[in-house]
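Each of the next two complexes has subunit A plus one other chain: subunit B in the first, subunit C in the second.
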Partner chain A sequence: MQKLGEELRNRAGQKIVDPEYLLFEAPREKVFMTGSEVVKEAVKRASVDASVSYPITPQSEAAHLIGELWVEGYVGVYFRGESEFGVMSELAGCSMAGARTITTTSGPGTLRAMENFPMWAGSRLPIQLVLMARGINSPLSIQPDDLEVSFLLDTGCMVWYAENAQELFDMILAGFVVAEQPDVHVPVVNVINGFFISHTRESVMLPPDDIALPPYNPYKAPMPPIDMEMPPGRFLRDPFVMKSNYISYATHTSWQFEVRAAIERARPYIKKYLGGLIEEFGDPESDIVLVSTGTGAAQAKEAVRLLEDEGVKAKVVKLKTIRPFPINELREAVKNAKVIFVPEFNVVGWLEREIRRYLYKHSDAEIIGGPRVAGGMTMPPEIIAKDVLNYLGKEVKHVY
Partner chain B sequence: MSINIFKINEELKEFIPQEVIDLEEKATWGNPKRGVMDLPYAKELLEEHSLCAGCPESMAFRYILASLPNPEDTIIVNSTGCTSLVFPHIALHTVHSLFGNQNAVATGIKRTLEWRFPDKVKDVVVLAGDGATVDIGLDCTLQSFFRQEKITTICFDNEVYANTGGQESGTTVQGHVFKMAPKGKQWPKVPMWQLAIDSGCHYVVRMSVSSPKKVEQVVKKAIYVAREVGPTYLHLYTPCILEIGLNSDDALMEMRDKDKERFKFFEYVSPQAEEVIAKKKEEGLL
Partner chain C sequence: MATLGPSHYSPYPVAVYENILPPPPGKALLLTEVVDEEVAMREAAKAMLTRENPTIFPGPQVIYAWNEEAKEKARLIRELAEVLGAKIIPMVDYRPKYPKIDPEKEINPNHPNLTIWHNNIKACIFVGVHCHYANVALKIIRAETDCFTIALCSNAGHEDAMITLRDQHSEELKKFIEIAKEVKKEVK
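Here is the complex of A and B:
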């Protein structure tokens, strides 16, 4: 940071502003851009130190655009790694050395990198991953499908889910702010449905690009950075639990609990910076509830409009975070529900499993895991509306 | 220089263990001419070690740590295996991340420290076993060489997976019977030093750690060349006396024997590295 008069500037020369100002108060202008382009716009305003990339559809363009920011001086370190395993390890190194870091990946890349995610969390690295969800092999698919998210749920990373490009922009900025809180300090994965968000142009409101988040301060982290600048001199950046002959089993256990507790401690910050862990849409009193995430929630909102035309009142509960899971918010939002539908973009129904787990003995509603699409199929709102109408025994008039 | 991080608050000194006070007062800081000759007099950066009695890896650790020209600004990255057991005892900032990703982690650290501290020299050194360097981590090892990362990679080759109980590795010699190679290894030892040259390393050495002075020389050269030119690689024979059935006092003779055959001293120096070494000799640092 350099001081310029009264103003603080980051190394790219942008004026440093409070996260609250950047997210909520700064004037915004309307632009028309894709989710990939929005990643660039968010990174540009985030005082990012390092990003490492690797090509995989559909996230490649976002990764290219971060590279352009590096050329323009907005990002300190940028290169293409050897594989997603290598990339996520390189980012771990960057983060341990005190950098604010972000990368993007998709589908098979997520699974190739998988060993790194619990290591990030266990090493308390606030790395941000933008996950543009796509199918995982086999058979080969490059199409949208969010099965991979289920693999991330127990890695110790926060998992957030954006519905559209606007939310992705705001979540990337809020992601750094929340993940880097000293009492949180775990990784954050911001998920979008690949192609539907990454490759679709929509209206997005952006603050000016001459202001940016305050730079990351590694000396406020719960563990010292690896830079030989901060005591203790003798410091092993591992959760010092390499082997039972060094550390008791109980200590390993408590470390694991602490990572999960750190995610819990993120809740008040998420409420502040995301405006809550869920969002509701439709008739608040309705006993028909559609619980979903991301593009599924967007389609469910359209289905609520269709159902309204049929004289059926319904509402959507969109989960903005999966880790931490909005337990109380969901229970409160479905307290009048007779039936809960869970539209999903995968074959296994991981979101349905999560919802059943947290509503067990807290709701009498019937939970219907569906409709579900996968492997690149779209989810027309009509199929959601049709399932609801069928459940109610009503005539289905639409042509599907 | 970051020697300050070893300074102890005077008010608290009476509560600090002697070995920590010794680190501040008796270790060699801020002196690039430090070396293995300091070992009997100076406080070592290794507080004991946790390897088997007589393990050559422990010798390698002591010689390497005594030879770092810039320990107050040196980061060490390691990997899983016998070597990782030693890391909690090293009085520097060190990293253990995953098995085989050490050169990727080191890349991230080196590049970030260059970005954060453009006016400071921060050396990044990888210390890992043959399994981590040559087998599971080969991709990350070679890719860091291809990318010309300015890091020094040191492989402790004991020709076996020792920490997991004696399994064949890529650097086991052909025909040797280890676990997972019950009929004897079916293929030759991986010539990692040659791969390092072909992959872009500017200074490469293959040797045993039988001679402390020689270890000091190659460690210093490797670090100076990495600092100014690009990747460097040291391949050190540190036999697992346990797995090849030797006694604690046999290790030195085992290394001396192999100094005459497959670990005969071999050194590769690129033209750019030659220049750095010549310059450092002129400065009296080599």
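Here is the complex of A and C:
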């Protein structure tokens, strides 16, 4: 970081501004771009120190575009890992050494890297992963399907879910700000539905690209960064299992609770920087509620419009975060609900499971796990509307 | 040992599961209540001045001379210990010690209860301990001992301590010392 007069500038010469200014106050201009291009625009304004990549559809383009930022001087270090496992391990090294880090992956890449995610969380590394969700093999699929998200829910990482390219842009920047808070300081996974968001163009409002987030300050981290220049150099994190079983049991328990507690501490910061853990759309008093995430929420909003044409009032509760789960917000949002539909892009219904868990004994509503599509199928709003109309015993006029 | 609630049979209850979060900027946490910083400082001083074997546990951020602020804080912590009549037992690093630490000489975040049991400590202050290790240790202490814990944190505070003060730097330590002097006169 360099100081020019009263101004602080990062390595790319961008002016350092407060996160609040970058996210809420800076003037924005409308552009038309894909989700992958939006990742580049967010990283460009994030004073990122290191990114490691590995190709896998559909995130390869975003990873490639971060590489272009390295060429242009916006990202400090960029290289290709040996595999997704290599990528996530190498990012851990960068983060332990005090770097702000980001990477992207999809589907099988997520699973290949899996061992690293709880390691990131347990080491309190605020690494950001943009997950462009895709099907899990086998059989091979490169199509959008978000089954892989369910594998991440108990890794100790925060899991956020963006509905569109605009939200992805804002969540990437907010992700660094929230994840790097000293009392949070766990990884953040920003999920989008692959292809639907990564490969389609939409209008996005962007702030100027000559301003950027303040750099990461590793000396406010809840664990000491590895710094061989600063004595005592040896702050290695010895595994306590090697020392005594008594220590292992006791400390490991407290340690795991501490990582989960850190996610809970993110709630006030998420409210500030994302404007809340949920978003509601439609008739706020309706007793028909569609609870979903990401593209599922976008399609559910369209279904609410279709239902309105049929004389049926409904509302959408979009969950912006899955970890931390918006427990109180969801309970409040569905307090008048008689029926809750959970549209999802996977075969297992992991979101339905989550919702049932947190509404158990807190809602009398009937919870219907669906409609569900998987394997890359789209979810036309008509099928959501059809399920609702069928439930209500109303005539379905549309052709499906 | 907690047998009820989300912590279940874990020996370590977790404050956030009881909806207790760190205090907002400018405030402090006294058990479950958000209070003014001065109120928390007075209660912290009272606990240290009235309970058995009060002890300050300084961590690596203040026992090594990382920077000028660390040196200044170390000096102020010695002064605070004198005012409170407290012992100082350092947390020199975070590595688990094999086969066992010497509880008279140090405290370790992986088994802090050993030091507290051995020295019969009924009130303590954590200062200069990196937040993760303070949180791990405070959960263990809360469950395993009857020690009253106070955390002076330079970041956002520690909800698992019984009193937590956040954004504590040299100026705040000086203020705490002055309040401790006043409380000392009152409790005698």
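Note that in this section the second predicted complex is superposed on the first by the 384 of 400 C-alpha atoms of A that agree within 3 Å, B and C clash if a C-alpha of one lies under 4 Å from a C-alpha of the other, contacts with A are read in each partner's own complex, and residues count from 1 in each chain.
Note that a contact is a pair of C-beta atoms (placed from the backbone, for glycine too) under 8 Å apart; a residue touches a chain by one contact, two chains touch by 3 or more.
Because the structure is predicted, anything quoted here is derived from the model rather than measured.
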Broader residue contact with subunit A after superposition on the shared chain, subunit B or subunit C: B
Contacts of A:M377 with subunit B and subunit C, given as first, second, both or neither: neither
Touched partner set for A:G86, first subunit B, second subunit C, both or neither: first
First (subunit B), second (subunit C), both or neither touched by A:E115: first
Touched partner set for A:K220, first subunit B, second subunit C, both or neither: second
Touched partner set for A:V347, first subunit B, second subunit C, both or neither: neither
Subunit B versus subunit C as contact partner of A:R265, first or second or both or neither: second
Touched partner set for A:L140, first subunit B, second subunit C, both or neither: neither
Subunit B versus subunit C as contact partner of A:A250, first or second or both or neither: second
First, second, both or neither for A:S95, with subunit B first and subunit C second: first
Footprint overlap on subunit A, where subunit B in one structure and subunit C in the other make contact: 224, 230-232, 234-238, 240, 243, 246
In the complex, subunit C residues that touch subunit A: 7, 10-12, 14-17, 21-22, 24, 60, 64, 66, 93-100, 109-111, 130-133, 135-137, 139-140, 155-157, 159-160
Partner subunit B, residues of subunit A touching it in the complex: 49-50, 52, 76-77, 79, 81-83, 85-87, 89-99, 115-116, 119, 123, 224, 226-238, 240, 242-243, 245-246
Complex interface listing, subunit A residues touching subunit C: 124, 181-183, 185, 220-224, 230-232, 234-238, 240, 243-244, 246-247, 250-251, 253-255, 257-258, 260-261, 264-265, 267-268
Subunit A-facing residues of subunit B, complex: 2, 5-6, 23, 47, 72-75, 77, 80, 84-85, 87-88, 90-98, 101, 104-113, 115-117, 122, 139-140, 143, 147
